[in-house]
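One structure is given below, encoded as structure tokens.
As written, the chain order gives the labels A, B and C, with residue 1 at the start of each chain.
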Amino acid sequence: MLQYIVKRFLMMIITLLIIVTLTFILMHSVPGSPFNEERGTNATIQANLEAHYHLDEPLYVQYFIYLKSIVTFDFGPSIKQPTSSVNDLLSRGFPISLELGLVSITVAIISGILLGIIAALRHNGMIDYIAMTIAVLGISIPNFILATQLIQTFAVYFKILPAATWSSPMHMILPTLALATGPMAIIARLTRSSMLEVLTQDYIKMAKAKGLSPVKIVFKHALKNALMPVVTILGTLLAGILTGTFVLEQIFAIPGMGKYFVESINTRDYPVIMGTTVFYSAFLILMLFLVDVVYGLLDPRIKLHTKEGES
Amino acid sequence: MEKILNVKDLHVSFKTYGGEVQAVRGVDFHLEKGETLAIVGESGCGKSVTSNSIMRLIPSPPGKITKGSISYRGQDLTQATEKQMRKIRGLDISMIFQDPMTALNPTLTIGSQLIEGLLQHKPVSKKEAKLKALRMMDLVGIPNPEERMKQYPHQFSGGMRQRIVIAMALICDPDLLIADEPTTALDVTIQAQILELFERIQEKTGVSIILITHDLGVVAKIADRIAVMYAGKIIEVGTKREIFYNPQHPYTQGLLKSVPRLDLREDTLIPIEGTPPDLFAPPEGCPFTARCPFAMEVCDKIYPFHSKLTATHNVECWLQDERGKRVAASAIASK
Amino acid sequence: MSLLSEKQKNSSPSIPDEWFSPLNKQKQDAEKLTRPSLSYWKDAWQRLVKNKLAMTGLLFLVFLAIMAVFGPILSPHSVTDINLPNQNQLPSSTHWFGTDELGRDVFTRTWYGARISLFVALMAALIDFTIGIIYGGISGYKGGKTDNMMMRIVEILYGLPYLLVVIMLLVVMGPSLTTIIIALSVTGWVGMARIVRGQVLQLKNLEFVLASKSFGTKTIRIIRKNLLPNTMGPIIVQMTLTIPSAIFAEAFLSFLGLGIQAPFASWGVMANDALGTILSGHWWRLFFPAFFISATMFAFNVLGDGLQDALDPKLRE
């Protein structure tokens, strides 16, 4: 187990390092970026940047200074909003984005798993067919398009839900629905197929042969095994949800990190782009790592490598 | 002797993509209390389907018992409701599967898998169930049961897992144990140990056993009677002595020749040529005709009648007919 | 014993004596009908045709392809001509899908958008496929240390947050048709490489097994006829499923302002431009691009699912 965690941890560090290096190289190679030789920003900002990034030093020195600042969670100043640093933006925006993301993934996990189990238990029945068609639709309709149609239907036409912002539970319904539908559909499909697979296993037959009730068989014997593959894709789903917040915050006018990020892309506010990318990548890679660890804890077989061998 | 199980004219089919497979086509047998009946045959002959039908564990759809009865202590199991079956499974009739590596749930501890059957069927506390589980583990020969209960299946070897599975099947003291290829997935030395375990358990508990296997070597060790199955039918049944020393059906004879025996040299092993017929469209006559060294015109046209050689020895083969015997004799002479 | 068989004889008097003669096996073998064995692809195709949802998807995609080629020609309106007095018209007999805020015909623009969106997606899938085949093929074929090394790299790349990298690349390279395709492929080939490697390993194994059994000249035939199709299956499915995710990514990038630049427009750009209309009531401007993005992704997804079922050799039993 420990060996497994250490291996995953090393992988995580390497991936992070690649992202950080990639961002650094890319940002220094854009013509007209403030990190470049021929920069065209005003004097105060230039001074800020010089101070933070030591732009007068050779490139490799800058790289190490940059690495150091990232390790200490200092992402430097913004160019377009001279009064705020990237850290300010993050501390303002990220909690809101995180809330949106967490609410959505929770909704997606719970409803996706339920839908998947029901479909698997009614395999090839009407309910299965309907649930799976809904799931393919959920995968096929991009969250930003779903968002626009939800606003048009519930906010503009029926006028029963607010169209924008994130100020009350009522306000949260539409963004959450838009963001959770895709991952929910993916989870439902995966749960269904892995449930069907698990239900053909010998240990399920054994449980039946013991005279256990179907409810016990599904919840005690099948579910945990069936959910293993779902755990493995949680990291990827979280990545999808997080990137989804970029556009949804824009559409729903939610003042999260995604909104600042999109603004920074449009105004080419390079330090913000850089900082947000690195921060979000670090967050996602950390999540992937945690998912791996959780998987290791859930599956007793993984402990095998370090504890005793086959007796 | 008391008949605890009586199977009459059992037919089981599976609807598949390519048509209906008639996996079991009119099987008759019975089981007496405390005896071991071995059902022997190649894979796909319907022996596992037969045993799963007794437990009513054939997946339905696509599987279905289309005809016949399975009477357990007077109750026809083919007519039992799912709820009634659930009371019987594990409590009265238990089952052991071929592969001990997959028969245990990898994410639950051995202990919880052992006691759940007991908790399901009998009004016992968790503590009592644990005590019983410890006794069962002791009975099947697992050292340090206390500690082993808390472990997961992957921490056990194949032989140990099969012992656990056996303990699990016997924990409610069932009348009947169906063992589907219980030793096939194990090493030879472990096979012998497990078979000895079966003998010891039967002595202690008086459980009746149906042993499903393709391995006559296994049968020789522990069976009282043997039923030979081919293409969904029982083609010969008799006591162990009758089947081993006086096999009548050419298929049984072929099977015996293909088993390694201590009293014969290794190189005299003769496999049976060919493959069993397609059960999508089973032949009208004897299904073994195409592979039978004594095949006659009649074999291809009509399924042989049932011949009762002794009270316990029955066979379904045209060679039992006086006219058939002559053909067989001349065929042997010409070879 | 003989007494019993006498009884037996008596019980079957209706059977003529001449039937009790050795069976002519040659004759019997000749009579035996062999079940017609379909080739792998024909078999898979038959299963696919039976899948109504997948066929609906396929038909929609054929329709889409035809319209992407001929749609703009059918329409008398140009894609780029600005006609301000004509702005934001409802769908009508002259403008089937209405007009946008610059008076451009949405019908014409939708099919032009189809060209661009499909082109981006197909190119991205094709490049993924090519790189994936080469990388995965080498990795699987070489095996050993090379394989280990190459797969370690893939594993690390797999952990990168895909869309963030694409965004970064586009910020740097500037959004255009080419850069979008490049950015999508830079990160997209990894999944394909993994699958190809797995299939190559499987193929290698089978080839080895067959060769060692000395099937002789038959070996190549067996590989070509049975094994290659089986290994191609997952690759085809992966490709079918890459396309909708590329369509999604392209539309997503358009929403971030990193889409194809005006005056041409992909569906994503059209939808993004129409965002403001949610409140103004010009619903058609958003509806048509949104519908076609979703419907195309749906069609590819159900086709991919259908192919997966149809090509899965496990189901052939």
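To be clear about the criterion, a residue touches a chain if its C-beta (ideal position, glycine included) is under 8 Å from a C-beta of that chain, and two chains touch if they have at least 3 such contacts.
Protein names from UniProt, one per chain: A, C = ABC transporter permease; B = ABC transporter ATP-binding protein.
Keep in mind the model is a prediction, meaning the values are calculated, not measured.
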Chain at maximum distance from chain B, centres defined as averaged CA atoms: A
Chain closest to the assembly centre - both centres taken as Cα means: C
Between chain A and chain C, centroid-to-centroid distance (C-alpha), Å: 26
Computed distance of Cα centres, chain B from chain A, in Å: 52
Distance between the centres, which are taken as Cα means, of chain C and chain B, whole angstrom: 46
Complex interface listing, chain B residues touching chain C: 17, 278, 289-290, 294-302, 305, 307-309, 318, 320-327, 331
Touching residues (chain side chain C, partner chain B) in the complex: 1, 4-6, 8-9, 11-12, 15, 17-23, 25, 28, 35, 315
Touching residues (chain side chain C, partner chain A) in the complex: 53, 155-156, 159-165, 167-169, 171-172, 244, 248, 251-252, 255-258, 271, 275, 278-279, 281, 283, 286, 290, 293-295, 297-298, 301-302, 305
Touch list for chain B against partner chain A, complex: 55, 57, 85-91, 94-95, 97-99, 102-108, 116-117, 120-121, 152, 154-157, 160, 165, 168-169
In the complex, chain A residues that touch chain B: 201-203, 205-213, 216, 220-221, 224-225, 298-301, 304, 307-308, 310-311
